[in-house]
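Shared between the two complexes below is chain A, which pairs with chain B and chain C, respectively.
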Partner chain A sequence: MSQEPTKPKLKLAIYWGAACGGCCVSVLDTHEKLLDIVAAADLVFWPIAMDIKYKDVENMPDKSIDLTLFNGAVRNSENKHMAQVLRQKSKILVAYGSCAYMGGIPGLANFFSKNDIFKRAYEETESTFNPEKTYPVTSTSVKEGTLEIPVMFNDVFPLDQIVDVDYYIPGCPPQSERLIEVFSAIVTGIGLPPAGSVVGANDKTNCDECKRKKSDKKQVRKFYRPWEIQDDKETCFIEQGVICMGPATRSGCGVRCVEGNSPCRGCYGPPPGATDPGAKMMAAIGTMINSNDPDEIDNIIETIVDPAGLFYRFSLPGSILGRKVI
Partner chain B sequence: MNFRPTIVAFLCNWCAYTGADLAGTSRLHYAPNVRIIRIMCSGRIEPTFILKAFKEGADGILICGCHPGDCHYQEGNYKCLRRFKLLEKFVSQMGIEKERLKLEWISASEGKQFAELVNEMTKTILQLGPGKVKKTLEFEHLKTK
Partner chain C sequence: MEEPRIGVYLCWCGTNISKMVDVEAVTKEVSTLPYVVLSKNYKYMCSDPGQDLIIKDIKSHNLNRVVVAACSPRIHELTFRNACEKAGINPYLFEMANIREQDSWVHTDRSEATLKAIDLVIAAIRRVRYHEPLQKRTVNVDPATLIIGGGISGMSAALEIANAGKKVYLIERADHLGGQVARFDLTFPHLSSAQQMIGPMIQRVENHPMISVSLNTEVKEVDGYIGNFRARLAQKGAEQPEITFGNIIAAIGLKPFDPSVIEEYSYGKFPDVITSLEFEDNLRAGRILTKYGKEPRNVAIIHCVGSRNRKYHEYCSRVCCMVALKFVHEIRAALPEANIYEIYADMRAYGKGHEEFYAMTTHKQIIFLMYDQQKRLPVIREAHRDDDCNMLIEMNELLSGIDIEVPVDMVILMVNMEAHENVKEVVRTIGVSLCGNQFFIEKHPKLDPVATTTGGVYIVGTCQGPKDIPDSVAQAKAAAARILATIAQGSVPVEVTTAIVNESLCCGCQTCISVCPYSAVSYDEIKKASVVNEVLCKGCGTCGGCCPAGAITSKHFTDRQILSEIEGIMSMSY
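This part shows the complex of A and B:
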């Protein structure tokens, strides 16, 4: 039997910026399918699994990596540098996961400034003992020379505020099955939407795909935190007074959290046509509250303890305001 | 320092805009700081409009609709009121003084009230100084993209 001419394997890189590691684990969670990925692609860079140095990547020819999955936000000078290097070296750069897509959980730091954070971490926490008020510095001279560590920025950025991004795969972390779909599309070149699109997700809202019972009644007179009420396990959470991000969230995860009797927190980001999940949520909640009386409305809204943190849990840096005003 | 506040005013077509128009045709003098955007009903206001206006540099935002009970579309102004209350709480969490966002009801005959409202709001914003959203978002190192 004659040997089929083998197609050159794709070169794949996976990198983390300001990340928790969950996105890298979601790649491993493809289980035996990971072997298909490895069969179709050579992993040329993946810090969680391989010992390849930054300078090896810097020395790769431009556009020599076919696909880079970049997870994590951009929070410091190291993240930014690698975002720029990987942009230059990659044909397709994907913002993988909520952090790279919208800033994600680390993006909650945009409710504070770098000074607030350092003060809390290096002076105020209950477990800090730092009478000299020693703060980290980015450059230290020692006998052998100067040691440098990355500079932490005042802000957390989604990847596309630093470099151009070809595709976005939402989720915290993305559902592993959706990665396989996107990966096959990239390998075969079939079914890939135009650059700039969100892939590995659907084009509706979670409410559209949710199986819970909904009525058109606007009936909320008090909001509850999930632990404050007994969920009946079949009525829409918002109608029971528990805030669920379903109306402001892109579908594609299978409405997993609600399926598990937990309200959606919005990790898939805003649905098509909406740029800002919080704005969308405020619009939706405005129609759900059952009162026309200003004082009563105030009291009802008082029961939403932290609207900003709740509506932008995964998306503050990528939202319209982007951060708390300083 | 010559700070001239920019106030973006979203006015519903049926009452508030007509009221503002009346202020104009009655040649009432009011501060020249408002940029009026006419919308069909205050219930049409999406929170996105407000956030974008702040981002683009509005120092203050004024929303005016018909008095309760008078909305041309029955309930639009109530919907607006509920969204407004939530927005108000949200913007203060984001470090924007809530005096920069105001909701008032203006009828078609209240030209004078509209003029006074604008003067009042202009005064408030002058005291607060320029809005800081736009400045906050000017990230130095992004310019090297």
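This part shows the complex of A and C:
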């Protein structure tokens, strides 16, 4: 990508909230193209790669950062604070990756409360030895003064439940090629859709782009996990009894998982028009159960392992369901 | 989208709503909501002045959305849609909130009912904002009618339609017209001859220039939709030329229950245990004789055979009690000295003249014996050769509590009315639904009793449920009137709120095809997308609900509309 010498370089920030680091790696996965990015933009803030303190960001003038890629969900007070700071400092704030977009894998914690999670982590796990039942506290006095750690929230939030978001780039992680496309659109200002759009992805579903053979004969009598079947590498996974999120998932990744003979897990989120991919997929799966006997239907449904985690693997906090309430 | 300008109207429904809902308070509460231009209330919104209020406001305040909070939309949605249309806005830019059946009628606390009314009205306001104009559509109606079944129901409907000068194809599987009634001797409660009634009727049907009767004929396949059906018929297995027609009446009748499954009655084992229809054959032949050609001295009539018993059929067949009493009259006339026993579980005489008929029968010197239908059926066994009768019925007489033996020479079993044996085949061909007892289901049990959920398909007579001759004929004529109305119009409106597929979003997973109850969705191999036939579609929303890609939208029930409605109903916190 070429850069006119007279044009000042863009200021780029990359930040992680509740994230695994994979999104930051996906930026590095642009390989030699990263040099183009750096040629076009100055990285002003990127905790995984650069040593800049939060107070340096807080001291930047408002709207001085041209583009911030925010990955990870908002899980604690630190994530929330930085989301608010970066919103204030950035012209364009992008929710980068499934966690920032929909809540992602950390969002599955919304099937539990903070108390459930602490109890499990600090009392119950097989490797925990904590007879005093010591739990983390957010403020500790030591002789040098008071130490503060962030407050963990009861809920995991996608970025747009905390601050306004300009664009969403889905994926766990996003495909690096798509990042380049979006980045060059932002650099050149050409081909950018209206704010609020999902970019770096298509408007159709993975099922649409999938090369496997499919028919209206989805007659399932038992659901299998992928390793339980001898995949013929040709037939639609669902028709083989393996739940594939492809029909309820936006395309853009190149159907990579299915190309690798693994069912789609839904990381790109719902296609435009589908509000709740988990509910949509459950409704669709419900029609494929090949029985009219209520007991048998129950038994077939029982063969779906961890349905909540399966259907809402990446989308729980951003879905209509949002979290487990009771 | 143009900026919504919503007018909200609350109805008092006299005191029906206003006595339990503070209509004034609701009117005030919703008046400040976004896009609400005005909110008013009136004593009867459905009245002409009420409708005029809406029409005038639409014009003078440039309203483009209307909410009426009143009774069930089942009752007056059409009224207010028409009012909107009169005022020049699309009728689908209207939404109704039900604050009567779902609120004032079912609550006893005025303040809580008022809060609920506010929620319901807010939901409607939030929803109507996203309503989109929809265009009415019609299809032309082929004036011919296909009637399946040549019994009294089918023939009554055929004559009604044919007498109006419209073509009827009357299809009968048997080799003669008349159905069950052709087997009857007399009818209850007037004891008039069934033969004198059905005979001339058959002649009128057969000779009618507008009725084409096909005996020994079955319908193989029906294609199309309301107004535009076509069918292939098969006469004695041989394919007939295709016929086209605009409406269908299913009048396929019933099947008498086979009592041989009831061990206690030994039907099929004892030759003088016969069914009510076999006894009708005796009566028509003019003689009541046992298998050995003797006049029976003792005749028992057992009621509820296969009816009102969980082991066989739980439902009541509705006519057998009166038929049994009719038999008493006929037996008494033929055999003045015979002992006649009515062995009954319950006596049901609810029809016009039926109770009087029962009272009259009790003077015929007969013995009524009651049995317990659930706990202990009477048992028929062979008499001892020293007994002066052929058989004995052992039973516990319920009213006295005493175990008795009844001497009999002939037993008549009042058999239940079962659904016709080829009901499933007809269901498949014409697309109607079955209830748990295998009878056809009507569109609405009270307000639309002869129509079905498939447009242009009507059900009459005993295929809809057990019934007597007057009810069957009434249904037949009702269906005929419905059909003649659509023929007179020349066209019928078809569902507007259908499903549409966004072909660019459709991934071709074909989940929608198997779930459609109306076979309205198909897969287009060229477009690689599902397509909805908008004439067949009833807008049930099943395909939209299960479409994982969100490619199918049900018009007037979009996600945006429904979610806004839900957000509206949840928006107040008390």
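Following the convention adopted for this analysis, the second predicted complex is superposed on the first by the 320 of 326 C-alpha atoms of A that agree within 3 Å, B and C clash if a C-alpha of one lies under 4 Å from a C-alpha of the other, contacts with A are read in each partner's own complex, and residues count from 1 in each chain.
Here, a residue touches a chain if its C-beta (ideal position, glycine included) is under 8 Å from a C-beta of that chain, and two chains touch if they have at least 3 such contacts.
Computed from a prediction, not measured in an experiment: that's the story for all the values here.
Per the definitions stated earlier, placing chain B and chain C onto a shared chain A by superposition produces a clash between them. By the touch criterion defined above, A:P193 lies against neither chain B nor chain C after alignment on the C-alpha atoms of chain A. When both complexes are overlaid on chain A, the residue A:A248 reaches chain C alone and has no touch with chain B. Using the contact criterion defined above for the overlaid structures, shared-chain residue A:D306 touches chain B, although it does not reach chain C.
Of the two partner chains, neither chain B nor chain C is touched by A:G21.
More residues of chain A are in touch with B than with the other of chain B and chain C.
By the touch criterion defined above, A:I297 lies against chain B but remains apart from chain C after alignment on the C-alpha atoms of chain A.
In the superposition on chain A, A:P150 makes contact with neither chain B nor chain C. Applying the stated contact rule after C-alpha superposition, one finds that A:D208 touches chain C and leaves chain B untouched. Judged by the touch definition given at the top, the superposed model places A:P271 against chain C, while chain B stays out of reach. Of the two partner chains placed by superposition, only chain C is touched by A:D216; chain B is not. Overlay on chain A, chain B versus chain C, candidates 39-47, 93-101 or 129-137: the clashing stretch is 39-47.
Within chain A, the residues touched by chain B in the first complex and by chain C in the second are 274-275, 280, 283, 286-287, 320.
On the chain A side of its complex with chain B, the touching residues are 80, 153, 155, 157, 161-163, 274-276, 278-280, 282-283, 285-287, 289, 291-292, 294, 297-298, 301, 304, 306-309, 311, 319-326. Residues 46-48, 51-52, 54-55, 68, 75, 78-83, 85-87, 89-90, 93-96, 132-133, 136-137, 139, 141-142, 145 of chain B touch chain A in their complex. Contacts from chain C toward chain A in the complex involve residues 502, 504-511, 513-515, 523, 545-551, 553, 559, 563.
Residues 203-208, 214-216, 218, 236, 238, 246-248, 270-275, 277, 280-281, 283-284, 286-288, 320 of chain A are the ones touching chain C in the complex.
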